[in-house]
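Chain nomenclature is as follows: A, B, C and D, assigned in order of appearance, with residue numbering initiated at 1 for each chain independently.
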Amino acid sequence: MTIGIACIGYGYWGPNLVRNFARQMDCQVYVVCDSKPENQIRIHRDWPMVKVVADAMEAIHDPRIDAVLLATPVATHHPLAMAALRAGKHVFVEKPLAGSVAEAEELVAFAASQQRILMVDHTFVYTPAVQKIHELIRTGTMGELYYYDSTRVNLGLFQTDVNVIWDLAVHDFAILKILVPEQPVRILANGVSHFPDTPQGMAQICVEYASTFRAFINVSWMSPVKVRSTLVGGNRRMLLFNDLEPSEKIRIFDTGIKQILGTQESDRFRMDYRMGDIHIPHLPVTEALMNVATVFLDAILHNTTPLTDGQVGLDGAENRPPIPPPFFFNT
Amino acid sequence: MTIGIACIGYGYWGPNLVRNFARQMDCQVYVVCDSKPENQIRIHRDWPMVKVVADAMEAIHDPRIDAVLLATPVATHHPLAMAALRAGKHVFVEKPLAGSVAEAEELVAFAASQQRILMVDHTFVYTPAVQKIHELIRTGTMGELYYYDSTRVNLGLFQTDVNVIWDLAVHDFAILKILVPEQPVRILANGVSHFPDTPQGMAQICVEYASTFRAFINVSWMSPVKVRSTLVGGNRRMLLFNDLEPSEKIRIFDTGIKQILGTQESDRFRMDYRMGDIHIPHLPVTEALMNVATVFLDAILHNTTPLTDGQVGLDGAENRPPIPPPFFFNT
Amino acid sequence: MTIGIACIGYGYWGPNLVRNFARQMDCQVYVVCDSKPENQIRIHRDWPMVKVVADAMEAIHDPRIDAVLLATPVATHHPLAMAALRAGKHVFVEKPLAGSVAEAEELVAFAASQQRILMVDHTFVYTPAVQKIHELIRTGTMGELYYYDSTRVNLGLFQTDVNVIWDLAVHDFAILKILVPEQPVRILANGVSHFPDTPQGMAQICVEYASTFRAFINVSWMSPVKVRSTLVGGNRRMLLFNDLEPSEKIRIFDTGIKQILGTQESDRFRMDYRMGDIHIPHLPVTEALMNVATVFLDAILHNTTPLTDGQVGLDGAENRPPIPPPFFFNT
Amino acid sequence: MTIGIACIGYGYWGPNLVRNFARQMDCQVYVVCDSKPENQIRIHRDWPMVKVVADAMEAIHDPRIDAVLLATPVATHHPLAMAALRAGKHVFVEKPLAGSVAEAEELVAFAASQQRILMVDHTFVYTPAVQKIHELIRTGTMGELYYYDSTRVNLGLFQTDVNVIWDLAVHDFAILKILVPEQPVRILANGVSHFPDTPQGMAQICVEYASTFRAFINVSWMSPVKVRSTLVGGNRRMLLFNDLEPSEKIRIFDTGIKQILGTQESDRFRMDYRMGDIHIPHLPVTEALMNVATVFLDAILHNTTPLTDGQVGLDGAENRPPIPPPFFFNT
């Protein structure tokens, strides 16, 4: 069986989607849609065999099409995804899933009722490094998790419409959603804007959970050095994920902290440290979007739930740091 | 003129004090006092020419003595310093200045009334690196300060009586006290203890000021890697202070962020970035305590106010993070 | 005046040449030539306004053309360059200049007699980092040069036709040619092949000059880590060029070694060391080939000698390490 | 059984020897000898229970003594070691073993004839890092060795009596002696002195063996940065030993290069690369000299041959790079 694919939107992200789906064995990209003439010319040049259309409905209702990829502005996600689901098509949506929680909820419920796959493109989650971390946690190698501590800082670029949390910490929220089974109970954020009429350019975030697990996040557009560094601590292993390293992105420390109960009143507890070897796994160089495409096609073929399904996209919408963020306690 | 010195206490810190004052030109250590016989033997062996006494009052009232160094338990700081001030002696106290704010206030007031120098040994402030940063700020090289962002993490050692803030962030509080002329208006801290009956082992702190200047501090006993890294951002320069670097501790970035006002409604502001050269100053290898001794003796000789005088010690006492810290909003 | 350009060859390197010359103000690419139909289609798609021809002579003799770029196989360099020079055109040749010393000599002599520019594309020499090092030497900032010490090692790729010297050290020879005014008097090389019938995969090279200046070069295809690191030592400054650093490629050390003559027999000489600040200049992010294009056009417009003229290409041909290299003393 | 120890010489190295042997269970330091009164006072202060003597013969002939440690000037090694061996004592000698090959040969032969242990203190070989590398080679983890490639460079200090090879590469010779079972067949060295009447301050060395194994060594007193970095390549693993890393000194790469024979004339060989995980073993923090003491005492107790016995010391003497070194081909 070959899954017939239509991609709607060929601006910034659409070409990446088409390129990665085109390389897959299990599908064929038959139709690409964009309303702008200059983008239609690009489609034609890049993919001479593909049908180019200007009207999304024509793409959705093409009978060869089993699944629709949406790489269009956020406001169109809900109507286009609903139309595709109504036409019996599986849907893949560029993040964020929808412009509001209500829209996202309707999409998730409708996809479930139609038994169609609804997947959101949280690409970062499918990078070989994050996939490896997920595996280390899932298989129990890390043990019970203590914390996630992430630093994402660099110089600029200031956004005018979103603050630094929505620009940088958003990756941490997507990763946490996958790595940590618990739901957060409270998110505390503390930011500062150094210039009039600009969104916060530095922020500190603490994501609290019912357990003692905590996520600490530090983001900034004001740092002279670029850092993309995340510590994950478990009671069996700890790891450092440095996304700027070209080939040694993950260092796994066979290091432990344990509390040993003492036997005397004066010695109620004693902390035991263990320093061990360090292991740097060789990661495949697969493009994340290639993994994304594989997961979506597998979900269609085997009727499985993709890692970043509509529900994850919906949770993301709920956790989405609004601007100005209401949970900022110091505004 | 040679300043006559007595040191009271020859346990852990006392020998360092005596060694560094002994190397100074302007003073002579005449008396060292310790009540424990084994410490008296050590004094004798290390400094055969020095008078060894067991009684602090004998040291304080020795007529050759102009200044008294206190390296004794905190509880004794107030009575011994008061006795020395009453005897007309200058006083140098190992940190913290006193066990309570009331005691510290009394010491500061009394030293002022007696016109004696009262200095607290915040050693970290006198390291060549922090002195250099202070100079870069004082001379305007850094420009107006935006932020101080510090990470101090490592594996262990858990303290049983103080949390990670009092163990590690205390250095940041001492440095901020010197670098930033403003007083904080609010300190927010957020920590977690992963083990029953243990103090917080990870914490995130934000120190707020009336201006937009902010200090962000991240401390942990739970990290598999050791980091001692502080970013300081100003509108003319930014710098990275990495205390683990043996010889390249400070990197100064000729990097800037400026807001340029636009001329149109749609263009209310525009951010301007400048990436420039990086400069790594060669720092002297002087021991910090050597600088401390020089500052104390200079203050006596020239009647100047030492950088870390009693008032600084008093402010430190007020800011001292108690356990459980009342400014923790999530306890 | 607009310089008319023809590019001959549109395989691997040709597209880079056309793209970089097309962005220049002073020239216009009128003609691109390639004999292969598939490359002709690529030219058409990439540059719809450009005339596509299959015959090199047609490109050379087009009356709009002032200068010819050659990105063709080495064997064709000499006949095509001679034809272009005969037609009164300036010539820019991908390295190496020609397939033999005799051919190169003829090209250099003929270009001189015709008063045409003959430039060889030693791209590496035009990277912002090497240009900066050249400037530091030329302006006397480095002082008198002591040494050049380069390490280029990585894992693979083994070449079947050339050894590791010709693969990696060739960049050092091109750089040395520009940085050092002296000609080498002797080159000593020492290599090893670990596998039957394969060229040397590790080698150590020492380039000797009449002065005490020395170049030491260490190259390997057998290293588990990739290193591209060059030290240049002068009597006023020393520098480290690390080509793997994304933005801090050059570190300049204000460090010195001087010999001070003693006054006594027992003290004939004394070495004086000075450790100073480190400076990391911000380098422009210009593509090297953009600089190359600018230099070639400037040479035509102002009748100057390009940094890598035919003579430099000829010297390179003479120094080219043959296989097996005759200066290997241990074969 | 407790081995009775005498140490002769209490200047720079003697105190380290006594301290490390004093901590061992199997021995007792009864006598320490030094002819200088100030050193006798230091012995007394450091080790009040130990007998202090001025005459080496008194130490050697003390009936409680089973083994003699020599930390005296090189010229005295031969006579004192001979006297100790004649008295039936085991002998431990600070490196180098003796002032000449003839002296060293006599010591080795005489110790063998007396069935006494003669061990040389090549401390570097007993560091946890070098011991680990030795283990990785001995156990076959590294596979068959391809190369040893070492860089030891820094700024200064110029020696007046020895060149940079004898100062820095000497460690590589000691390590190679232990790691590589083969004897070198030729050593090529190439150095330069930049200042009149000074020994060579930069050198490149290639140690050749009958197999394809090679050691490449690069040493310099003229580098603005300090590097202590050694690559060891085998056909099963490769490793990087960075002695400046505080806790991650050895990185083991599960990386391979293999030659696969092709089946066609045009494809005589093909190189196969494998990039794998990286492993950083946790090393004990034992002081090297502690290991040295253990090995010497074990050799006495169990009549085993220490890793750095007299024969190794003798080989070291033969390989000792003389000044000016006769194997320098460019003097």
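Everything that follows uses one rule, which is that a residue touches a chain if its C-beta (ideal position, glycine included) is under 8 Å from a C-beta of that chain, and two chains touch if they have at least 3 such contacts.
Given the structure is predicted, the values throughout are model-derived calculations rather than measurements.
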item	value
Chains touching both chain A and chain D, listed by label	none
Farthest-lying chain, centroid of Cα atoms versus that of chain A	D
Where chain B and chain C are represented by their mean Cα positions, the distance between them in whole Å	54
Between chain A and chain C, centroid-to-centroid distance (C-alpha), Å	44
Residues of chain D whose C-beta touches two or more other chains	275
Partner chain D, residues of chain A touching it in the complex	247-248, 254, 275-282
Residues of chain C that touch chain D when the two form their complex	146-147, 149, 151, 153, 155-158, 160, 186, 188, 190, 192-198, 202, 204, 206, 208, 212, 214, 216, 218, 220, 222-225, 231, 233, 238-240, 253, 255, 257, 259, 268-269, 271, 273, 275, 329-330
